[in-house]
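What follows is a set of structures for review.
Look at the two complexes coming up: chain A is in both, with chain B in one and chain C in the other.
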Partner chain A sequence: MTKPSVLEIDNLQVSFRTSGGRVAALNGVSFAVGQNEVLAVLGESGSGKSVTAASVMGLIAQPPGSIDGGQIRFGGVNLLALDADDHRRMCGKRVSLIFQDALSALNPVYPVGWQIAEVFAIHGMADRASAVRHAVELMEAVGIPAAAERAGQYPHQFSGGMCQRIMIAMAIALKPELIIADEPTTALDVTIQAQIVELLKETHAQSGASIMLITHDLGLVAEMADRVVVMYAGRVVEDSDVYRFFAEPLHPYAMGLLASQPRIDRGAGALQPIPGAPPNPLALPSGCAFRPPCPRATLRCAEQTPALRKLASGRAVACHFADEQAL
Partner chain B sequence: MAIGPIPVGNAGPLLDVRNLVKHFPGRRRGLFGAPSAIRAVDDVGFTLSRGETLGVVGESGSGKTTLARTLLRLHPATSGQAFFDGEDILTADPAALKRLRRRMQVVFQDPYLAFNPRFTIGETIAEAWRIHFDALPRSQWAKRIGELLEQVGLRADYAGRHPHEFSGGQRQRVGIARALALEPDLVICDEPVSALDVSVQAQVVNLLVDIQKMRKLSLIFVAHDLAVVRHISTRVAVMYLGKIVEIGPTDAVFERANHPYTQALLSAVPVPDPRGREQRRRIVLQGDPPNPASPPSGCRFRTRCWKAQDICAREEPALLDRRGTGTLSRCLFPEAGPTTRLPHGQLTRGQE
Partner chain C sequence: MSLTFFLRRLSFSFVALGGLMVLVFVLVRLTGSPVDLFLPLDANDAMRRALAVRLGLEDPIYVQFARWLADISRLDLGMSLWHSRPAADVVFQALPQTLLLGAVVLGLGSLAAIVVGALAAFRPYGAFDRIASAASLMGASIPDFWIGLMGILVFSVSLGWLPTSGYGSPSYWVLPVATLFFRPFGVLVQIVRGAMIAALNAPYIRTARAKGAANRRVIFIHALRNALLPMITVAGDLAVQLAGGVTVIETVFGWPGIGKLMIDAILQRDFAVLQAGILAVAVVIFAINIAIDFAYAAIDPRVRIDK
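Entry: the complex of A and B
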């Protein structure tokens, strides 16, 4: 992490009120997104990866949610200290968001061109005619054929892949410094996924914006990311550059995740699943949340929650025993 | 075309599907026009041997789920035949169908919707014996439920619990236990692990493989996740717009694919290994799959194919082994092989 950071998340704690009691979604999450970096936030359902993104964008509804502590620093300002209006002014132009389900993220009753142009209108960047012209240019840039005609069409007239392209057009419209992509390809078929990945890569190369890629897909991480932050039960358990992560994951959960992933470039051979059930956020075990299925767990893991330690190599891991076998 | 049913017995394949067609009525053309047909499954044929796992892959709209549901006769076929141990599933009368269904079971995709929330999982499993009342005497139900639950890695005393008390992976295990209750010969799994997280998915995949081996089950494994399919299948069928475009032994399909669509599909899957990613060659298909209500003439893949020529629009390629690699494909110009065309129209069945 020699590059300066665009976004720094420090000890973020978020919880939600539910019928079953208070659920801690994030238990002290810290990581930074470097300039021009593609950072993948990798985790399974309930790990807190989407809550992290929503916190940055100020999209946590309070109540039932509550931000219990920590800081999110962007452009030298702690976003959590701002009120909603200031937050929007700060982030609206400089941070943008790509959702998983583009069709439901777009407004069904307005033409897509109008929705892209709206971005310029809200941020007072253009008059009506040039906003529409910009919108069409953006649609062309993200590979929508016959963009001028299609700008007048509604979201339901586009396929899932095309809707995702429109989302990307909106996301890059104001030339943001940071794009948060929350599972941008999960809802798409694999050949369409490949198109969107190519588009995201081009977008990254051309705009130089940092991308925070939230995903559960190890393949997508290996394809796009410079660095990966692995989340488990609302904590960061590993923070590593992508090459070393796949070559030698440090945290036992990360190892388990890689071993349980079937691979298209390999034939049969038993998968090695992580035993047991994923953690119940209402009843996390004491100490390390990964302790129950962990092959290395000892008494110490129950008594003491491992902190995210920086190793000599620049990687970080939250496991008492991680560096013993690695490095 | 009209070949009689294959003799009953262990010699023939367990399942022999020929020219299976399933059309759904589409939108009406004008007020008085006939409704167009959505050709969800169009002339599909394959065989499945005992103890074999056939993976069926394809993207949304390729017809893979419709194929599974038509074979189970969850909706009627438009035409074609599907012989299960010599008996046609598609024309069986109710009594025969009940007999057949006892031997073919299903595991559904969504572990949250596949169960009656008011039933305990013990009742869910026993439902099969309630319907097939001669399958197992009532006195043995409780014991057998316990055995089945243990076989799928759950505790026998979970039988009294309700579905909401289980996680997605556990529910999918219950779904497998339910499918095994009648000791079927064939289990059709429709996207059984796509709703699960990777770490849990691996547990369920391993369970399916173990049970399949132990019981010598035949499996049809419908999925869009190619890595999972490669892992579990002995043979693979690739579907595109209602047709099987390539079918063959798993390793042959994954390593020496003939059909350009298969090649594109395989190359589109991101590999969880960043080494050499800048050099990796990838076929990125342009555009979206066409509308199945009006598929392109000739080869259905030609609108997205980089090899397409005029003849591809005129002539629909038959499912043939043009390169002698053991896989059948619907392409006139399969990769690297000699492009000698074989007489069109004679092959009626998609099997070795």
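Entry: the complex of A and C
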């Protein structure tokens, strides 16, 4: 990577106490988000992408959660070494979060304008009157018509797409260096998804903020991302620029993902699903977690967990056999 | 909450009130005639007849009802047979004692329940939560007359700190308030705790934290207002129960409230007092329900009916 990083996650380990025992959600996750970069974090449910985001935002409830090791460096500072108040003061200001289901992510009993203006109030960035004025300006900026009147309305009076616009307004209010978007389009209709993607791209272009885009939508990755980090069972298995990722995925899981996408140029019957079920986090297989469904698995995969290795091409992959593929 | 909504509620309430009054009017007359209670045992039929005629009890019941309605329209609720005073005076002397007692009990109970419930919800299944949950369940389950009697036994009889019964200086309030406190407190702690746990796990709480809001702000501004809605429903229910008079407790402590008055009026066949009392309590309950609706609309924009 050539650009300096905004966020560097280094060997992050997070686990949760459950009734079935301690579950490791993240088993040493490492990746970085470069300045002005859109990084997609791709993975299935339970792969640890949202836990990663929550760790950055200090949203892991401890207990039942526990951060067992690693570092999250943001602007050179290890967030995990900060005390809770200092960490909190960065959230919303220097790094912000956009949630999946915006309607339920907004507080139902406060007007949306108030909720946007609250960001300024929390961080002492503006007095009451100018915070409200900024809120209306932000609502205009994210494309909400009649923003001045609508600022006094409540979340239930807005559509899902409009609520997501309000979330985005909140996230960009204090011009953060990093915006984490946790499946920002999953809860929306397809046409609205396209509008929100457009808005996110505009926001990125205008603000220059880095975006960490958490998703399982390959289409969204292709549309927005500069680089892709693929997660599987709480580990990063591939880290690649977006063009080469789609052209030539390195990790067998990433290959499986791309092969299981419907493609109009391949015709019917060409879908190749990944066999088996997602791994049970309470009973991960020894070695590589993707070993059971992997077509290339050998005895070595069971004995030795493959580390995330940087290849000469600048990409990284966690598979014993990836060298052969990386031409 | 618009005026039309208020008027609609008001008119519904009048219909309900009308039905209630017909029912009460008929039912109290089924309990028997006051004539037997008021005349000596050796009174003859002529004397009984004379009193019944004087009280208007010989007329057909619809005539009596019409007369009562006509009196009400002149704001005359009739004379109390037993007290020989206007029934309205008797009722309005007793009602404030009950309402005041209920307001103090519910006010203290709600405040304590919000604090205890919110703290318990902050760390579910933590030490404080376990103690608070057990205590509140116990408080909600122990019969209040038993608490009252035990209170009298310990604090009035054994220790002599508090009067056993009656109405007067603040010391007379301690035992009745303490006795009645436990049930609303216990019920409301459970409600607030549950509602706060739900609210604190809601996605909008994550949003508030992601915005950088401190714990205090998250709990008291973002979560509590959402958690208050179920509490208001239940507190309204408790208020209605208290407004009708806490007959047993008023009897145990000799509290001159509406509950005791009504029981006495039934026993004394004091029709005018009974009718006036029920009418007054019904109006209070109507007012409580309106207040709950207003509180709901004030807290939750989603239940505001008209813009």
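Here is the rule we use: the second predicted complex is superposed on the first by the 321 of 327 C-alpha atoms of A that agree within 3 Å, B and C clash if a C-alpha of one lies under 4 Å from a C-alpha of the other, contacts with A are read in each partner's own complex, and residues count from 1 in each chain.
Everything that follows uses one rule, which is that contacts are C-beta pairs under 8 Å (C-beta built on N, C-alpha and C of every residue); 3 or more make two chains touch, one makes a residue touch a chain.
What you are looking at is a predicted structure, and each value in this text was computed from that prediction instead of being measured.
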item	value
Which superposed partner A:106 touches (first chain B, second chain C, both, neither)	second
Contacts of A:252 with chain B and chain C, given as first, second, both or neither	neither
First (chain B), second (chain C), both or neither touched by A:176	neither
Which superposed partner A:97 touches (first chain B, second chain C, both, neither)	second
Touching partner for A:89 - first (chain B), second (chain C), both, neither	second
Partner chain in contact with A:123 - chain B first, chain C second, else both or neither	second
Comparison of chain B and chain C by chain A residues contacted	B
Contacting residues of chain B [partner chain A, same complex]	59-60, 167, 169-170, 197-203, 205-206, 209, 224-228, 230-231, 250-251, 254, 264-275, 277, 282, 284-286, 288-289
Complex interface listing, chain C residues touching chain A	202-204, 206-214, 217, 222, 225-226, 299-302
List of chain A residues in touch with chain B within their complex	44-45, 159, 161-162, 189-195, 197-198, 216-223, 225, 242-243, 246-247, 256-258, 260-268, 270-275, 277-278
Partner chain C, residues of chain A touching it in the complex	57-59, 85, 88-93, 96-97, 99, 101, 104-111, 118-119, 122-123, 154, 156, 167, 170
